[in-house]
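If you scroll down you'll find the structure; I have some questions about it.
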Amino acid sequence: MQITISAVGPDNRGLADPIIHYVTGQGANIAEIQMYDHDEECLFAMLLRIELARERYEPLRAAMRAIGDEKQLSIRVWSPDLRPGKPRLAICTTLRPETPLALMRAIRDGRVRAEPAVMIGNRPTCRSLAEQFEVPWHCVGDEQGVVNDEELVAIFDQYEVDYVILARYMRVLSAAACWKYAGGRIVNLHHGLLPSFPGMRPYHEAYAARMLTYGATCHFIVPELDAGNQIIYQSTFTVPPGMKLDEILRRGQEDNEPHCLVEGVRRVVEREVQLHFHRVVAGRMA
Amino acid sequence: MQITISAVGPDNRGLADPIIHYVTGQGANIAEIQMYDHDEECLFAMLLRIELARERYEPLRAAMRAIGDEKQLSIRVWSPDLRPGKPRLAICTTLRPETPLALMRAIRDGRVRAEPAVMIGNRPTCRSLAEQFEVPWHCVGDEQGVVNDEELVAIFDQYEVDYVILARYMRVLSAAACWKYAGGRIVNLHHGLLPSFPGMRPYHEAYAARMLTYGATCHFIVPELDAGNQIIYQSTFTVPPGMKLDEILRRGQEDNEPHCLVEGVRRVVEREVQLHFHRVVAGRMA
Amino acid sequence: MQITISAVGPDNRGLADPIIHYVTGQGANIAEIQMYDHDEECLFAMLLRIELARERYEPLRAAMRAIGDEKQLSIRVWSPDLRPGKPRLAICTTLRPETPLALMRAIRDGRVRAEPAVMIGNRPTCRSLAEQFEVPWHCVGDEQGVVNDEELVAIFDQYEVDYVILARYMRVLSAAACWKYAGGRIVNLHHGLLPSFPGMRPYHEAYAARMLTYGATCHFIVPELDAGNQIIYQSTFTVPPGMKLDEILRRGQEDNEPHCLVEGVRRVVEREVQLHFHRVVAGRMA
Amino acid sequence: MQITISAVGPDNRGLADPIIHYVTGQGANIAEIQMYDHDEECLFAMLLRIELARERYEPLRAAMRAIGDEKQLSIRVWSPDLRPGKPRLAICTTLRPETPLALMRAIRDGRVRAEPAVMIGNRPTCRSLAEQFEVPWHCVGDEQGVVNDEELVAIFDQYEVDYVILARYMRVLSAAACWKYAGGRIVNLHHGLLPSFPGMRPYHEAYAARMLTYGATCHFIVPELDAGNQIIYQSTFTVPPGMKLDEILRRGQEDNEPHCLVEGVRRVVEREVQLHFHRVVAGRMA
């Protein structure tokens, strides 16, 4: 069974050793290790992907819990192979309702085979959406929409989510939060074509470049900004010369972005794609 | 009647004065003037767009011919409003036959309302295409495919073409050639999305960036590289994760690029777009 | 004598005709014409550079004043060859005092041969600097530092400045203001190396890219963003690995930027560089 | 003692397990693990940085040799703390002699404390340089200058070099070669400012952007292109407007590049900088 272990701690002394020592002692095959050291923010993290017999999963969880308690590490153990039912999603929102609405409808209609475990906003705007689909709602932002990411991750943990979906959630996740759900569990919708238009205003930038093609990108979030693009799906639309930016924005936000997110999430929950050494690969890994 | 005058000469002393003096003396309204000075290559050029009564067109041509002879300037006078029949095209090719073939078929079937006046290659590869559609053929390249652009422009002049279509023509037109047919008369197909992928290998670059969207761009050529993008049409296609570059290239070259060029040329010959102060604008200008 | 005429108006009907008609009628040699059409903002502009006998300068000014009044155009006539004394500068500031202070000292000590005609701030911060050097001071910003550019240009006009120096002035000049002082009369200090680091936070971006070289760029402002770089002077400094951003900022702001602006302004007022068809060229033009 | 282990193999099954198992069994502290999977080229690699008591170094080497033989892995063990004398350099060249010449002189004069163990060219051009300084010379290129990187690495191994210096060596090292000497042992001189000018013709590109600043960058090579910049030293020079490209090239190649490489190599051999989780950090690591 494929198992992902993520560990985050305040220094890199002894972060890797006890975990690696345990899993090699259990006869696990190590498929991938990534270690990082954000010295400036005192953040040290490791991602471990291993193959281990299913019956050793629970003992592994217990051992990791013990190591975490002893060494003051935040450790998570997860396997996409474990859950019997549908994958559980946390859907994070800010202001725009189109993409979370489209995702909820696709789940309701069976086009995306997943369980909407919780809907979260750093603004209250999408609360009615959660009520409409009878999904638990948490507002995590303060009056300026600023989020305590530890609280956010605690909600992910509480609802035992498999994947986190950022549906035009307009805040940058902290590196620590990314690491805690590392390994291809955080899916973002970016409202421009990556890597060409990475900023906060991709429509405006493409418009300023006088483009006639606009797009959206559904991708995995990885903690390291330098790690390149982990694109799951991209969709585009074409406009005639002279179309005003307002109309382009409307088409993008109401039509193209919702489609892009739904198809991207579908690929992830169906496990048509996975994250493998920072790259998106097709198909299930052996 | 809208008239475009282009003038190219070896120095900028007295390039503009006689032409401007004549047209203002004729009571023309000046809609646009662009002057450039490529000092490093001793190339000086001017583009003038004016409104003038139709009956003054022929005297203007004669006067410009006289000024050109006297001042050693290469002057061209052209109006999109003049020709009674279909616009005449020069179709320039190198190796890939897909885009010129698609354009010839679209013309034959009436989807693009134009006259293929001449087909040109800097390689002999597309000659059979010209023969198939019974269009005059000129091979302008030497053994390495290098082109004398003065010879190329002489062919454009000889066939009295209205527009020059670069159908995966893989050589850079000299600035002088661009100026001689300036004002929105040269249309290029670029096999990547502009401005993001401007180079010679846009498929490879998008692939290296792990994109799942590929595109092509049909645009006007303007002489100045800094002038921004003059995009007439862009089209894209989406691929699943894991598709090999060979297959992506095949889809792009055989399907997306031909579609992109045909739609772009259609927009130009129908005058749905025009070049106006280096920008593509929709609709006919008053 | 070289003369620059700039004209700005609300539409492009009849913008160019009367001006061009007059100057060609006076026997002027036209060295450069640039016309632009910002249709979206209803801004139409022309820059004309001509050679004309000195005795025709005053009649030209009068004629242009009459045309401007009649046609509702904002026309300015200027010649770098006219003024008997030192070139007059408007020095625009926001918060940082280092660059205007360095420039004032260089003028006082005779290293930059210019007259500080007026100092302007969109914030009151640099007022004491103006008082120290006994230069007239105008604060043009509202409470948020927002500037009415027509008021700003009126001050330039009132003080009959030859050049406008943006000394870490942190507001973007409107296109209309740029056109009114077009032709190489507006000099900006950008606190990063252009074109690589064009944004508002070039130190932060170079730091994020882990560079060990930081720089500043003194350049002419031209109205068109696509027109490329008009660099007058660039200077850099090198830091050892591990230097903190705070210390880098300090070195850049207190040492490198002031040096860069002073040398750039010196080159301009000495006419070692000029703007010629959007490019910086060395030496005086014939 | 800090020890670096690099391992390269043809698949990722069992690449990491035996090595990690051994070192954790020896009580090593794991400071850094990087694993990579270049599936397209069937290249799997790991970099391990550990702390281990000095007396366990030789047993570790022997054990790694045994694992390498058994598992068909190419394993290298290296410690910057081990060698009693000066660090040994392999200096790789192509055509330009300025940078290797400057480095040889700096070594001869004691400004760079290193041993030039071997000089290598993929072209014969710099052979006389090796002869002049009585350094062993190997020409590794075929008639087109193409290099078999396994042969190249074998020379590094044969001469037991600590660092590989690419002194305007104009070929891209294969990913496998980079991994075999991973961990901050390969130093390159790039003849432009990174990250702004990464291509093969950085002078030409900066010139086309009309810059007045040119630079060179000395940096560590890391196998992953996405990993960002590992800059050791950058140096620049400024030119006046109007300087021709030929003269700029001359200044850059004859003066700035040699200085940049010498200072960069000095920092590396003095261990003023080290590579730590893909980043250059100042000072020796504890």
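The letters A, B, C and D name the chains in turn, as written, and every chain counts its residues from 1.
In the analysis below, contacts are C-beta pairs under 8 Å (C-beta built on N, C-alpha and C of every residue); 3 or more make two chains touch, one makes a residue touch a chain.
Predicted model, so just to flag it, every value in this text is computed and none were measured.
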The chains touching both chain A and chain B are none
Averaged-CA centre spacing for the pair chain C and chain B, given as whole angstrom: 36
Take the average of all CA coordinates in chain B, do the same for chain D, and state the distance between these two points in whole angstrom. 47
Going through chain D residue by residue, note those that touch at least 2 other chains and give them in order. 228, 281
Is the way these chains touch best called a line, a ring, a star, complete, or other? ring
Sort out which chains touch which and give me every pair. A-B, A-D, B-C, C-D
List of chain A residues in touch with chain B within their complex: 193-197, 209-213, 215, 228-236, 238, 240-242, 267, 272-273, 279-283
Any idea which chain D residues touch chain A in the complex? 12-14, 16-17, 20-21, 24, 29-37, 39, 46, 226-228, 276-278, 281
